[in-house]
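In what comes next, chain A is part of two complexes: it sits with chain B in the first one and with chain C in the second one.
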Partner chain A sequence: MTAALLEARNIARDFLVRRPGDLLGRKRVLRAVDGVDIVVARGRTLGIVGESGCGKSTLGRLLLGMLPPTSGTLRFEGQPLHAREDAAWRRQRRRLQMIFQDPLGALDRRLTLGEQIREPLDIHETADVQARERRLDEMLDAVGLSRTMAARYPHQVSGGQRQRAVIARALILDPALVVCDEPVSALDVSIQAQVVNLLRELQARIGVAYVFISHDLKVVHHVSHEIAVMYLGRVVEQGARDRLFARPEHPYTRALMSAVPRPDPQQRSRRILLSGDPPSPLDIPPGCRFHTRCPAASDLCRRSEPALAPLADGHRVACHHPGRDTPP
Partner chain B sequence: MSRLDIVDLRVAFDAPGGPVEVLRGIDLSVTAGRTLGVVGESGCGKSVTMLAAMRLLGRRAHVTGRVRLDGLDMLALPETEMERIRGGRIAMIFQDPMSSLNPVHRIGTQLRETLALHRDLSGGAAAAEAVRLLDRVGIPAARSRMSDYPHQLSGGMNQRAMIAMALAGEPEILIADEPTTALDVTIQAQILDLLRDLQAERRMAMVLITHDLGVIAETADDVAVMYCGRVVEHAPVERLFASPRHPYTRGLLASLPRMDARETSLRPIPGSVPPAGALPMGCAFAPRCGAAEPGCHAIMPLLAPRADRHEVACHVGARAAA
Partner chain C sequence: MGSPLEITAAPARDGLLLRTRRWMAGCPILVGAGIAWLLAMLAIALSVDLIAPYPYAQIDLRARLAPPAFLGGDLRHVLGTDELGRDVMSRLFYSIRMSLLVALLGTAIGAVIGTLLGFVAAHFRGWVDDAVMVMVDFQASMPFMIIALSVLAFFGNSLPLFIALMGLFGWERYARLVRGMTLSAGEHGYAVAVRQLGASPWRVYGRHILPNIASALIVNVTLNFPEHIILETGLSFLGLGVQPPLTSLGNMVGHGREYLQSAWWIAVFPGVAIVLTTLSMSLVGDWLRDRLDPTLR
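Then we have the complex of A and B:
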């Protein structure tokens, strides 16, 4: 059994938001993440997939300690995760890094790529200057950037090269975990493949764990060992990658997988079409929160919310009628 | 039977260092009842091609070539006649519905305006037709949505409203530029189904521009793959996916992560797309191409017509197919 690197127990996060169209500015509570349990093992990748508004990015920020949870507990390497910027937070921060979608926004336009990749070493004063330069060379080499490239500014290089620099900067302190939020979504497909391969190679080499957040099931399938599917703030299905893709249980997972366009004209129209839009997170339906769009919903689903519970093989699903596309 | 023919379309933009050519001779055709998919990565010129054809690029663009709508050369028409064609015989939809919808007008008002302009409908007839269109594109409670503003609708519903606007002029040709790119995958599936149904029902010609080969495989009849301002491969959709001939098309397909694959490593295309204005000699893809021969770096391959309608602009690919 691999030791848990990061453990989240029943975490939730509320936001106060203005009611849409309310001119008096009255606030309501939006529960973006609602009772999520997450365990990330050392050296492994947990994929978190879901559509806009499902709470996956909020969950990512909670796992990083960038946002404190409204309730629930988070432990990283056995210690409570610090959401306050103190000495303990600084120690954890070295071990816990992040990569976001937009590399241009994540980089400082006034510094060269090399300066920014080295910056974490300078901030944490890890070693003498020569040692830091050697470490920079190693990282550049690991992500496939040349020394010439490292002397350039972010706007002088391509999107793929910028994301390589962001990855190098995230890994230079040798973190145990990197939370990646849509790291390849802004990249063209040929460049996306380069970056996905790079993340996997680096994991194999240095044993870093990833939480990989994306709306793109194809990419999540490619990088993850374990996958959690989110809908309206909750994990509705979670399990090993191959088990999940071979036999998705939750009707939402099934619809999501069937909706992904396949690059094969022979395989048209085997989609499970969901009716309507996802409900607003301000207006979560009673019972199972997916029942308003679910092709398998029954009376039970309209009344009672199913908990995320293990099936016989340990695969977990929050559904009264797993594996079905029609009502029982 | 209406058809749109683009012949040797070239576009250059003014830049500080002199004009930069972004389209380098595009030939494409689409006919009633068929969907042409145009696919390529950012900057390949897929959107510019249709914007140039519709004369929507503005003064900094130098456009040459022919764009014929049933023989009528659109590039030579007076602007007033182009205005009647846009939104009338040819309609366009985009990735961002807000590019077509006015945020300060009600959905119904905007639809009635288009109906007045292109179909001479007003009053009760226009209102009834507007409701019918909203209903047809799958907007629930269409009558009450007429008085909504765009911000009151979700992204998917706005996309539907934009499609209703495009249909209002009863177009013969619909140009859809990344129509589902900003949408969640379950909503994308709904919109692609809608577009496919509408296209079949109205026998429209459709041009679908996308970066997503999956969307192409699900929607198109014919496919044009673009790279650096040229069409590099053109084929019926089954042929393109079953036996791609251009190394770039092959590379794109090999870079795609697939959900059914057990293999763990993707095969990316090495390097990156050269910037327009700094293209290499010969074939623009040659520096990234595993199959390139010395001749590829000197002579630009052309898209030659072939009996099997599977055309490829590649010295190596064309020889292999011959």
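Then we have the complex of A and C:
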């Protein structure tokens, strides 16, 4: 195992919200991320999966220092991660980058792609202008954009090309870690594969680490070395990709896995259907937070919340009855 | 999306004239006329000392209330004279300079103050934001004419004070506009992305947000500029703006009003200048906004 690049210890993040229609009522605390431990290794990819609203985007922003955690500690390359916008924070941006879901929104429509890809170099004044131009050319090559393409505005190119530009902008400073927040879910399926392969190829070449946030298990399976499954602000299962996909332990992970379509119609797996919507993060159920929808829930689950604990092989799961689809 | 040919054709280094002509291609006749009129006004304002036939205060008592040349007057006073025998054309030219100067400076001051305060409010939030917005609401809830009257009544009248006062008119709209658009840009999208790259606030606001909201600001300027002319005219008409012997368009209309039945030319020529200038500005501004937006090309 390579040295840890980013280490998050027990981080949590609260938001103060008003319930809709409750104009004068007291604000309530929404705990979007609730005590998460995460380690990202150099040059590896950590996939984070979960339903919408489970806190995975908030976690991504916490890991980048774009949002200060309410509690817990974050260390990046051995240093505390800055989360306030000051000079130290700005310097740390060189090593930490982000790729966004909506490439059109993430690009300034009044500047050409080339100007925007080069902008990190201009912001951090890395070298003289000629060297920056050379670096821009290298980066355009690396992501497969031509010079004529770089002279266009974001609305003049396709979605895939825009996302390539966003990737080039994120990688031009040679960062150590890039958080990809649903980087392909806004793209056509045919383009998704191209962009995902490009991300993997660049990782192999420059050794950048990714935190890859997605709700799409196929894509996460394709890019990740390790995967964390989130439910209502907590990691419920975490482990190496192949172990997780071969033998998912948490009933929630098992349900997610069973929903992935398989290419072979002979090999039919039993679908585990979850009933109902996830509970509101404002009213997290007592006990195990998944028990309201869990097919294997027992009395124990309604009373006490399981901690994320390692099994014999180091695979970690937060469940009283790992590996079961029916109550014990 | 345009045809590939159009996009890949590299912009050759053409002469300024050719490039201007290409940039102007497809501009409607009315807008062309507006630009021409504004350019003419600007030319008059800049060269008034050279082209005005007489100094604006020169009196020719033997030719008082002379009609314009095309109504039987003589060619020495092409647009006629007023009750003191002052040449209307010369006074019109000087008035155009004065009114344009006051309105341009006033608009510019208001736009700069309002934009800066809008950015400040959006950047700092909290009590700074509240304070700016209270000032905005305060300004917006007071009829500006009353503010102007009281300031001029208290401090007397001088041209710099008058221009500063005009600068206070309309800033609140820029502040509100800039604050709102900055907040919405800051919540998602390119502003977050650029800030995340480590850009300083100066870069985020100056290089990214300002160009993106500039089209709305330009529209606001084009609405604001005619209002400034009209405000200046109104105050001068009431005798509170530009003071004699200086002259402005409103000042001319104001004192020409008394002679409207016998010598209409004193008031009508400056009136026409006001209408055409404000109209041209609005037309050109609308067209400019569309032209400056690369996504509408």
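Some points to look at:
Keep this in mind: the second predicted complex is superposed on the first by the 314 of 328 C-alpha atoms of A that agree within 3 Å, B and C clash if a C-alpha of one lies under 4 Å from a C-alpha of the other, contacts with A are read in each partner's own complex, and residues count from 1 in each chain.
Operating definition for what follows: contacts are C-beta pairs under 8 Å (C-beta built on N, C-alpha and C of every residue); 3 or more make two chains touch, one makes a residue touch a chain.
Model, not experiment: these values are computed from the prediction.
Look at chain A after the overlay: chain B and chain C fit there side by side. Shared-chain residue A:Leu256: touches chain B; no touch with chain C.
Comparing chain B with chain C, more residues of chain A are touched by B.
Shared-chain residue A:Glu133: touches no atom of chain B or chain C. Applying the stated contact rule after C-alpha superposition, one finds that A:Gln97 touches chain C and leaves chain B untouched.
Residue contacts after overlaying the shared chain place A:Glu77 against neither chain B nor chain C. Centred on chain A, the angle reaching out to chain B and chain C in the chain A superposition, using CA centres, is 80 degrees in steps of 10. By the document's definition of touching, of the two partners only chain C reaches A:Arg169; chain B does not. No C-alpha atom of chain B lies closer than 9 Å to one of chain C in the superposed arrangement.
Across the two superposed structures, the residue set of chain A contacted by chain B and also by chain C is empty.
Interface residues of chain B, counted against chain A in their complex, comprise 41-42, 140, 154, 156-157, 184-190, 192-193, 211-218, 237-238, 241, 251-253, 255-260, 264-269, 272-273. Interface of chain C with chain A (complex): residues 1-2, 7-8, 188-190, 192-200, 203, 208, 211-212, 294-295.
By the touch rule above, chain A contacts chain B in their complex via residues 51-52, 158, 160-161, 188-194, 196-197, 200, 215, 217-219, 221-222, 245, 255-268, 271, 273-274, 276-278. Those residues of chain A lying in contact with chain C across their complex are 64, 66, 85, 89-94, 97-98, 100, 102, 105-111, 119-120, 123-124, 148, 152-153, 155-156, 166, 169.
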